[in-house]
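Below are structures written as structure tokens.
Shared between the two complexes below is chain A, which pairs with chain B and chain C, respectively.
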Partner chain A sequence: MEIKVKKKLSENILEKISIDFLRNQVLKNAYGNDDTVIAKLDPRILLVWYLFVGLVPWFVNDLWFLMACFLLVLVTTKLARVAGLVLLLFAVGVFTQTGYLLIVSLFFGGNASTVMPLLILTLKVATCSLASITVFSGLDPDRLSNGLMWFGCPERLSFSISYAYRVLPMLMEEFQNILLSYRMRGNPPEHETFTGKVKYLFYQVKVIIHAFYPLMLNTAKRSRTTVEALEIKGYRYAAVNKAVKKMKLSTLKVTYNDLLFLAVSFLWIALSILASVIF
Partner chain B sequence: MNIIEIENLTYSYPAAKSPILKDISLQVEEGDFLAVVGNNGCGKSTFCKTLNGLIPHFITGDFEGKVMVGGLNTQESDVGTLACKAGYVYQDFENQIVRPTVLDDASYACLNYAMEDYRERGLEALSLCGLQNREEDYIWQLSGGQTHLLALAGAVSLRPDILILDEPIAQLDPGHADKIYGVLKDLNEKQGKTIIVIEHHTEYIADYCKHVMLMKDGKIVWKLPTDEALRRVDELKECNIFPPQVTIAAHRMKTEGRLPQEQPLPTTVREGKEAFQALKYKASSASKRSEGGQSEPVVSFRDVSIAYRSVKGDDRMVFDRLNLEIRRGEKIALIGSNGAGKSTLMKLMVGLLKPSEGDIILDGENIRKKKTENLSQKVSLVYQNPEEMFIKDSIKADISYAMQVRHVENYQERTQKLLERFRLTELQERDGRLLSGGQMRRASLAIGIALNPGILLLDEPTANLDIATRKEIMQTLSDMKDITETVMIATHDMQLVCEWAERILVLNQGKVVADGTRDEIFGNQAVVETVGIRPPEIFSMGQALNEKALCYTVDEFMQSFVEA
Partner chain C sequence: MELAKKQTATQSQKLMVFVLTMALYGLATLFTELIPKFQVGVVEFSVEFFLFIPLTLSMLFDPLSAALGAATGELVFSEIMLGQFGGLGELEKFLTVTIGVYIAGRMVKNPKNYKMVGIAAITGTGLQLLMGTIVDIMKVQFAVEDFEAVAGLPESVFATEGFAFLNDLLFSGILFCLLPTLFLVPKLYGKIEPLLGMRPRDEKTGLGGINIKVIIAAVIGFAVAAGAELLASNGTPLIEWEASWAESKTALAIGMVAAAVIAVIALMVLKFRTGKEKAQY
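What follows is the complex of A and B.
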């Protein structure tokens, strides 16, 4: 059993989850879903909504309310068509945080009094994570950064968010090519036996670490042009010019759909509170 | 009216010992289309950066003299004001694009300078640069040529009177290159923009530019009308600039007394038709044949299909049931436009990509079951971008790495031999990234053949190089013919194809549309037109004079056309 898992792990790192796959998922996550209901919402509305479902559950212990919040974010995550990798990470994250405790306590004779607090904690963690996923991966980075800017976040932060998404695919491609160089020229240890597999796993990790050095240097070489181009394109001027900020934000508009979204969420939460009062 | 006036400009980079620009004085008229030519490192790019104020405002250093651009003194204006006067497109233009979508990037500068109509300006610039209907696209959906047009649009959106482009077509296939120059010509003629290009391709200079400025060691040697400039063959060659092949041929004929002395040298095929009209075509029997019968296949593609994951919608099919055979000892050139699948084909052969369907047979074995690291003894790939091959901190370590980890006997000795062969011995301790373009290429070739592979694959070995370095690499490739067995080169460089290849494969939209010798490919008008191949100029010249003429080099041309 253990050998099998090890085998899987060692093969997966470079082969199954290739950088190409990661790059594709990152792009998909950022821009692949710009035609969903969530992506079309006004980022400010969504941020306010996030502030509520991302924060309030931490301070409430009512199961009805938490359940309702959880279901709500489940629906919005579905609507946002989040990339598979992110959902997987979410599932693994929640499970390792609290989920496993829940299952363990059930197995070892836990009753309602032990399960309940754990269930509540799990729900809280899951709700907040899903709410974050909805907002940060449902919105494309540009709309998100415009929304943040409206709430007074510095221009530099919002530029960094969208620029990071601009360079990330490029960086990952470069990283992939460097790793491919290692694969073509390197000579990894035989991995037919168990010890071989462990060695192979270490080898792969080592290669990934080594690959960062050329990646950094190549990136430094590229960024010289980018820095000059930003200067020409007036990036520095915009940062101190209030008029530019106003122009950027003028594209934001609250529509009927936004209000509908808020209303439905509000109604749903209100119903849950009602339910918890009645029962 | 002069739009650029420079008086006694001398500039040196911070901490540099000697100035890179020395006492430059120049006037450029409004509406000019000026080509700047010169050796590597003669200060062309530095000169261009003084025009848009990056020097001295962003890059400091010792600046003397006066630069007036569109009536503004660059020392007294800031970069923002100057950006609206002179737009700049870098050689590595993809790093100049900072926004994720097309329209966003085109209008970004206007937005930053708080222009109310930034959207309209972006749209206008996109349509001027031939990118209409791509406004909402993400930048990674664009091809290399389109990315360049977007970088240009980003500069055009500020409506500058001057546009400066650093080697606009160095990375592009001929189809895209023609498109870029078409757009520049439009901007010059219809919009009245003054255009300055740093350019090595003299054929393009002859076709499009009005004036040529030659720089040497930080000084301007002369600025002349294009025709006159390109006729100064000896002076240009001295600076490693190669005039159009037509001009070189005529120049040589003149020296040999085969053309009348008073006749001006032609610079384009059109002029050449007149200049060479007295010559007669003499069919030569010395056409190159691939000798020997059919050797055994070393690589076979059998019904190979592969698709790329796309961000949205269906996967993009690159190959759909591709069948192909490569025989031992062949020297193959793989041509086709950007995105035709050349790199994919090579990555499949080294096992970096696995086909979704079909088999690739290497030396009688299916590579699906083989590990990439075991294939590298047999097949080796040299990337288009040599930087990605440098994984160690010196080229010596890079060259020896593959041998060292495989415990090849006397690997140190072999490394020294390789360093010597590629004239890198002096540079062996340097980091590959810090070498010049030509040196980097040579180092990447040495890395590629370190394990003595039977098959060597080269992805665009001459891209991004100036003509002199290109010639040098072409020479290296010819020299390598005897130590490598089977070689495949993916390239846009038709001179390389004609002078080097014995078999040419033409890829178009994932299919091999033509396969044969150069006579079979370039002699076939239908193929040349559908795929958009641009044969070397001297070949077109021969064709224009006589349809039967198939000459690929200046030498062949000189032999094929004789006095009547």
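What follows is the complex of A and C.
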């Protein structure tokens, strides 16, 4: 049992090191689907929609309503063509938030009465996460940050989003290069036996931590360049200037498609309320 | 002149620290988010691997910028980019990370003092984990109706959350926060500051230790965090509101459906009309 667990642990760490896979998935998630129905919607409309679907389920305990919300976000997630890894993370996340509670409470002498409240809790959690997956992975980063800015979010946040999407591929590549160079120069311990495997695991973790030393120095240099470039363009003044903001947001436009999306969602929710009233 | 010397960083240097911490911690949390969580039985070993990054940077640079950068980085890279954004609940994580990292950064006056660096690192981590645990327990207590009535639930929540806290603090706190910070702070000290055009922090340029103001701000921050998280989970106010229009529920529901149908049809018609007009030109 213990060996199996350790093996699983070291496999997990090894899996993480295949950064290429992660990078592909993340980039696919960020840039790979800007031709979907969801991505073409206006970010402001989507954010309003998200505010409803992401918040209201927390306050309602009606099973019909929750099921309807869940199905709605399920459909939108399908429409947004979200990357597989993100969906897997979602499933794991929902389980770790509520699924394990069910097992533990059964262990402590719970019974069928435990299941209902936990089912409702699970539905709530699942609905909110799927809604956020739809909005935040379905949308282009620039459109998303523009939408947030329109609602008066701090400029710092929309800057962070745009910057993050642009710098991430570079950072990942650099981190991978550093890790590879450490591996080339390093002498990993034998990992045939059990103790060897444990040692190998610790070695891997140590390499990852050491790799952050050069990465920190490089990123420090890079962030200085970034900020100086921003300063040359007068970033800190532009960030609080109303005229600049207006220019930036002039591309946003609400079309009939957006309103139709809202109306269909509303119809679906209204139907669910009707169903819950009748039955 | 004295005042100018006292100030540790200019505005743009603060922005640099913010960007630096955001990029690094964001990258790191992205990895932790992507690793499938490792579980033994029912207790998950969710390792907060990389808190050492903002801890280290907050001890070397302006703590507030580093703390805000770390929290923003986590929010943007691992929540928004992966679509894991949990709405209002994310405010809790944002604030707890900020408070933990900021307090750790303020505690260190001289990064050469090993003992203080170690104490600060473990205090910051412990604070962040403890606040998260308290909020988690409260969250389940409020989200599940009749918390006490559900057989076996209270004990199970306290047991798992308590165990998770201890496990996180002793396992990942020491292994992944304390030791790397102790390794990185002296190594980076004096090397990374010139890259941002600053002088290394010492007794004179430090911001000074923890005072009452910092503690009060932290407590308020935690109250806001807990409040946001509870508001995100607590059902009571809106359920009562729901009951007030319960008498004519059916009529209201039918009205809503009718309104929605009319809206959909009207929009469809409008859309097709504009489509045709465009096609004519």
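Methods note: the second predicted complex is superposed on the first by the 250 of 279 C-alpha atoms of A that agree within 3 Å, B and C clash if a C-alpha of one lies under 4 Å from a C-alpha of the other, contacts with A are read in each partner's own complex, and residues count from 1 in each chain.
Operating definition for what follows: a residue touches a chain if its C-beta (ideal position, glycine included) is under 8 Å from a C-beta of that chain, and two chains touch if they have at least 3 such contacts.
Fair warning: this is a prediction, and the values are worked out from it, not measured in the lab.
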| item | value |
| --- | --- |
| Partners on chain A (chain B, chain C) - clash or fit | fit |
| Touched partner set for A:N24, first chain B, second chain C, both or neither | first |
| Cα-centre angle that chain B and chain C span when viewed from chain A, reported as a multiple of 10 degrees | 100 |
| Partner chain(s) touched by A:M216 [first = chain B, second = chain C, both, neither] | second |
| Broader residue contact with chain A after superposition on the shared chain, chain B or chain C | C |
| Chain B versus chain C as contact partner of A:K253, first or second or both or neither | neither |
| Partner chain(s) touched by A:A238 [first = chain B, second = chain C, both, neither] | first |
| First (chain B), second (chain C), both or neither touched by A:R166 | first |
| First, second, both or neither for A:R185, with chain B first and chain C second | first |
| Lowest C-alpha to C-alpha distance for chain C against chain B (Å) | 7 |
| Residues on chain A lying within both footprints (that of chain B and that of chain C) | 141, 163, 165, 213, 217, 221-223, 226, 228, 230-231 |
| Interface residues, chain C side, partner chain A - complex | 11-12, 15-20, 22-24, 26-28, 30-31, 33-40, 42, 44, 46, 52-53, 56-57, 72-73, 76-77, 79-88, 140, 143-146, 150-153, 155-157, 159-160, 175-176, 180, 183-184, 187-188, 191-192, 195-197, 232-235, 237-239, 242, 249-250, 253-254, 256-257, 259-261, 263-264, 267-268, 270-271, 274 |
| Touching residues (chain side chain A, partner chain B) in the complex | 20-21, 24, 27-28, 31-32, 140-142, 162-163, 165-166, 169-170, 174, 177-178, 180-188, 210-211, 213-214, 217-218, 221-223, 225-226, 228-235, 237-238, 241, 243-244, 247-248 |
| In the complex, chain B residues that touch chain A | 52, 54, 58, 79-80, 83, 88, 90, 92, 94-101, 104, 108-109, 111-114, 116, 118, 138-140, 154, 309, 311-312, 350, 352, 372-373, 375-376, 380-381, 383, 385, 387-391, 393, 401-402, 405-406, 431, 433, 447, 450-451 |
| List of chain A residues in touch with chain C within their complex | 5, 8-9, 12-13, 15-16, 22, 25-26, 29-30, 54-56, 58-61, 82, 85-86, 88-90, 92-93, 96, 100-101, 103-111, 113-114, 117-118, 121, 124, 128-129, 132-138, 141, 144, 156-157, 160-161, 163-165, 167-168, 171-172, 175, 205, 209, 212-213, 215-217, 219-224, 226-228, 230-231, 236, 256-257, 259-260, 263-264, 266-267, 270-271, 273-274, 276-278 |
